[in-house]
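Shared between the two complexes below is subunit A, which pairs with subunit B and subunit C, respectively.
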Partner chain A sequence: MRRHELIVIGAGPAGLSAAIEAKKAGMDVVVFDENERPGGQLFKQIHKFFGSREHHAKVRGFRIGQELLQEAESLGVDVKLNSVVMGIYENKEVTVKKDNAVNHYKADAIIIATGAAENMLPFKGWDIPGVIGAGAAQTMMNIQGVQPGSKVLMVGSGNVGLVVSFQLLQAGCEIVGIIDAAPRVGGYGVHAAKVARTGVPFYLSHTIVEAKGTDCVTGAVIAQVDDRFQPIPGTEKELSVDTICVAVGLTPMAQLASNATCDIALLPQKGGHVALLSKCGETSVEGIYCAGDVAGIEEASSAMIQGRSVATYVCLKAGYLSEEEFQEKYDRYQAALGQLRQGMFSPENKGRNDFTVTDEGYPVSSNLLAHGYMTEDELDNFPAYTYKKAGVHPVIECTQNIPCNPCQDSCKVGCIKVGENITMLPAIDEEKKCVGCGMCVASCSGQAIFLVDETYGEGYATVAFPYEFIPVPQVGDQGTALDRQGKPVCAADIVEVKKSSVMDKTVVVTMKVPLAFVNSARFYKAGGQRG
Partner chain B sequence: MRIIQHPILGEYEKGEKVHFTLDGEDMTGFEGEAIAAALKAAGIMIHRYTVKEHKPRGLFCAIGRCTDCVMIVNGQSNVRTCITPLEEGMIVQTQYGVEAQEVWEANNK
Partner chain C sequence: MIKVIRVAKIEPFIEKEDDGMIICRCEEITKGEIRRAVYEGMRTINEVKRYLRAGMGLCQGQTCQRLVQNIMAQELKTKPSELGMIQGRAPARPVEIDIFSNNITDVKEG
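Entry: the complex of A and B
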């Protein structure tokens, strides 16, 4: 039996952050993780995160993972990998299986940071090879470097479904469609819009009826659903796909908390059964805590802060932090968490679909929720879209209150203002002159900012847009401009291509289009019919 | 198919090229990658057949949780191929129930 002051279970964003915080304060901490590599699911996240600077906004998930690992390593945090925690027993005794041996450990405090598991959806043929979880798709393409399939149907339009769809496109796969039984896109509108503009169709109020195939998936039958989510006969449609990717939510993995006799409750807004926690993250069993997705499904950004916050309380109880030190850190972390937990998609608004206006009073787009992209009429309600000025200027198609403000930080001339409350929509300061640097375009995690110049001359305008695919268009290329749903609208000539290390692989591409298409041209594809 | 160049990740760091066999056939992959990744790159979809209904199963969760992708590796059944690193010379077999094909066929005559 080995003793430690603190045992952390899970080396994902919450667990690692907790261990770092405790180790920094001087505690003797050990982390167990069943995986071969630490970092949990962070290393699969190749998109730029939301939030503000203190939440690592506009940094890609895997880079945040690298930073976290470096911090843990430099502090000498002991992370034991391939170590499965089998159970938590009386007096905080823990059994750990590694290499076919079981060892016993004991601690004064235990932080459970086991994360979440993917939900599944049973349908006819769901067990045929080729039906995979969204996480599996991410593992294959972003960790292993292998395409999960070539023609993919995405089931689920929450943030996971949308983000993974975009990543599948980046990996060179085709997305045949995104379906959701709900009548509205579940994830951020900006995530939907960046997929829709590549031409991916959205089928809302649709469910999967059947996966076709015997040895592997050869097709998918989808159908429209009624208001009780039942398939409507006669609306079936067969799609030719080899992969069906299921992204229908996550469930906290609270088994260890349950096993440790912590009080558990079914809380749908937290994603399932979770341990009941004090405001400092302690379960009903003294000295046992939960942090991260196991305490309720949120983003990795929240999990990291929760881990740190819970650990500060553990440090206080163990005498490693004074009351004042604790209070200062705790308040700071709670304030940071509070910022992330605001807006239309906050945990307390989970499942709400009755928003008709933004916090600013602008009508929300119904087309965005039904089809994944906005109409020009709807965008006309948003001042950061309609703003016009001679010369180059930003056009911002960010229309939902989500916690994010890198656009404000990225603008050196102060053109873009979000303000103290980071869920407010970005506004354009008309007094400041845009210099066309493109930093806002590259820093917007939702890829919702464009630089437009209606006065380019001779009946032409330019539109600069973010581009994260290969091959990257080159100056002089002639191709086709696509609109917000990926439909070809006009010929486009590439006139500028900006790359830089601070933009971190988001290339800002500028295309020249006829002035008449300046409000519709939002993406580009090589080739196509011109004229 | 393998992703040769990725717009965000660039080139993937891979181990040495290694040889292994699947049901006696020569295969190649990279040391340290998941066995399932090497199989997927080669277009292999079926990892095993279920005990009772003899239905095919393949990769599903890819994080070692669902056990759908288990195969016989170096004679050991029920190895989770999605989290087991590939090594030179590995003998990988499609799993029938919990056995190799010939054992399963002998028992199910």
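Entry: the complex of A and C
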């Protein structure tokens, strides 16, 4: 029987990271993945990630995947694709289906990094073609290059629902609405805001009652829910859609851990049934570990660190790392994980939506949570928004404590400060002079930074905003400025368009608007009513 | 370990409007069938799986496990955590039967 020191199941962010770490220490490791391509879900992620530089912040997910693959390749990590792990047996025997045969392997240690599966929501007609998971929509768009539909209803306002809505817009779909049974937007406010400013309506405290159609979806009936999440009769509303995209959370794929007789429990804060783990990631079966979403739903950045962290412990046990080497690495990874697990959306605060103030003491926007965008009154509570100075300066509409700081790194003159604790809101240093380079605008993963110049002249101001759609506006274009909820507010002329390789496809577009609209104009639409 | 307390449901089974809704898509098991199974004495998700084949199809319960749990929990007025998880079994993914006959125990690899 072919024996390896370490078998990793799953070549996603957690599995690949674990294998890289183990290989670096000198372990004999093999990775099995059932897919044709490695990288797991990373290659579907075309948005820029949050975090700090060490977490690959402001880098698009698929590029992080490419970096990870390159690292694995350069180290010679053996990744076996189209290899389906069928089961884990006694004494860490693993059976793998490959090339029409059942291959038997044995390992001293196994890291299960199988990730998660999407949750579904049963409603009348949920089995009609056209009702798809958000992950499926991402696969179609970002891997296969297929538009999933043209008029889409998004069910779920968590980060997945918001991010995929934005991607659907980028793919040219119309988002007819985003609904959520909860009374508040579940994902990051900045993700909601970048969707809302394109004109997508949010229906909170709403559920889907029925998918209309026989052979394919032709419509969706939604209804308001009461505080027990039951539809209120008489509030039904029919939307004309051809696609219903469901993004209602993920469940860890713990089947292999269960198969390996690991102790399992349903832990709601982890997203479902998970193997019970020691602090180093070991299950109740010695030598079998879990890392990534299978150990509890988080996101790719933490999965990568978790994978590395678990692997260091495996290396210690196998004698490839000394106690000191292990401790140094382990502490470093735990510190990096700790940074990502802070703030209003940390795993600890999962499901909490009772925050009334930020860590800085600024009142949390209720409109943002109810409608996906902030009112100017609410923004007035945030110094990085109200800051004004002659000439061009940043206006930052980042109002929740999320772990992210690329804005600070991107500003060459040191105008933007987040500080040591990366969940703090960015602050503007009044001593430093903004040069209007636009790097902060392009690097903000939440697209929440604008460059504003109230002193443009002749009763006009300029607003620079991030733009990730095609066609890209051109200098000289005349169109309409939209406000935070996507409503047309005034005529806008495009005066500058900045693209650069560092900005990685986020174009910084500057529009000229009448001074009166400087605080409301946040997006742009070609054409439209002018005047 | 999951403690199973067997108390037969004494109330009669009452049909509901949405009983015809398919819950397990692979095996085409409806919500009504799952609800009825509870009244017929099924108390854990593994029992329902064996009784109805819900969660025994191509996806091995990946989509319906949670849904079945929620329906059962509602009928039994208990928490989904009391119902257990579909026991993970090999093969974790569908494998064509002829492949099983092609066992390679001495894997040679380059």
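As a working rule, the second predicted complex is superposed on the first by the 531 of 531 C-alpha atoms of A that agree within 3 Å, B and C clash if a C-alpha of one lies under 4 Å from a C-alpha of the other, contacts with A are read in each partner's own complex, and residues count from 1 in each chain.
Methods note: contacts are C-beta pairs under 8 Å (C-beta built on N, C-alpha and C of every residue); 3 or more make two chains touch, one makes a residue touch a chain.
Since we're looking at a predicted model, the values are computed, not measured.
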Superposition on subunit A - do subunit B and subunit C clash or fit: fit
First, second, both or neither for A:36, with subunit B first and subunit C second: first
Contacts of A:127 with subunit B and subunit C, given as first, second, both or neither: both
First, second, both or neither for A:105, with subunit B first and subunit C second: second
Partner chain(s) touched by A:141 [first = subunit B, second = subunit C, both, neither]: first
Which superposed partner A:515 touches (first subunit B, second subunit C, both, neither): neither
Touched partner set for A:117, first subunit B, second subunit C, both or neither: both
Which of subunit B and subunit C A:97 touches, first, second, both or neither: second
First (subunit B), second (subunit C), both or neither touched by A:150: first
Minimum Cα separation, subunit C to subunit B, after superposition on A (Å): 5
On subunit A, positions contacted by subunit B and by subunit C: 34, 117, 127
Contact footprint of subunit B on subunit A as seen in their complex: 34-36, 46, 60, 117-118, 127-133, 135-136, 139-142, 144-148, 150, 170-172, 214-216, 468-470, 472, 505
Residues of subunit C touching subunit A in the complex: 18, 21-23, 25, 31, 60, 62-67, 80-81, 85-93, 95-96, 98-100, 102-109
Of all residues in subunit B, those that touch subunit A in their complex: 1-3, 5-9, 12, 14, 33-34, 37, 40-41, 45-47, 55-65, 68, 82-83, 85
Subunit A residues touching subunit C - in the complex, by the definition given at the top: 1-2, 34, 84-89, 95, 97, 100-105, 117, 119-120, 122-124, 126-127, 251, 253-260, 264-266, 272-273
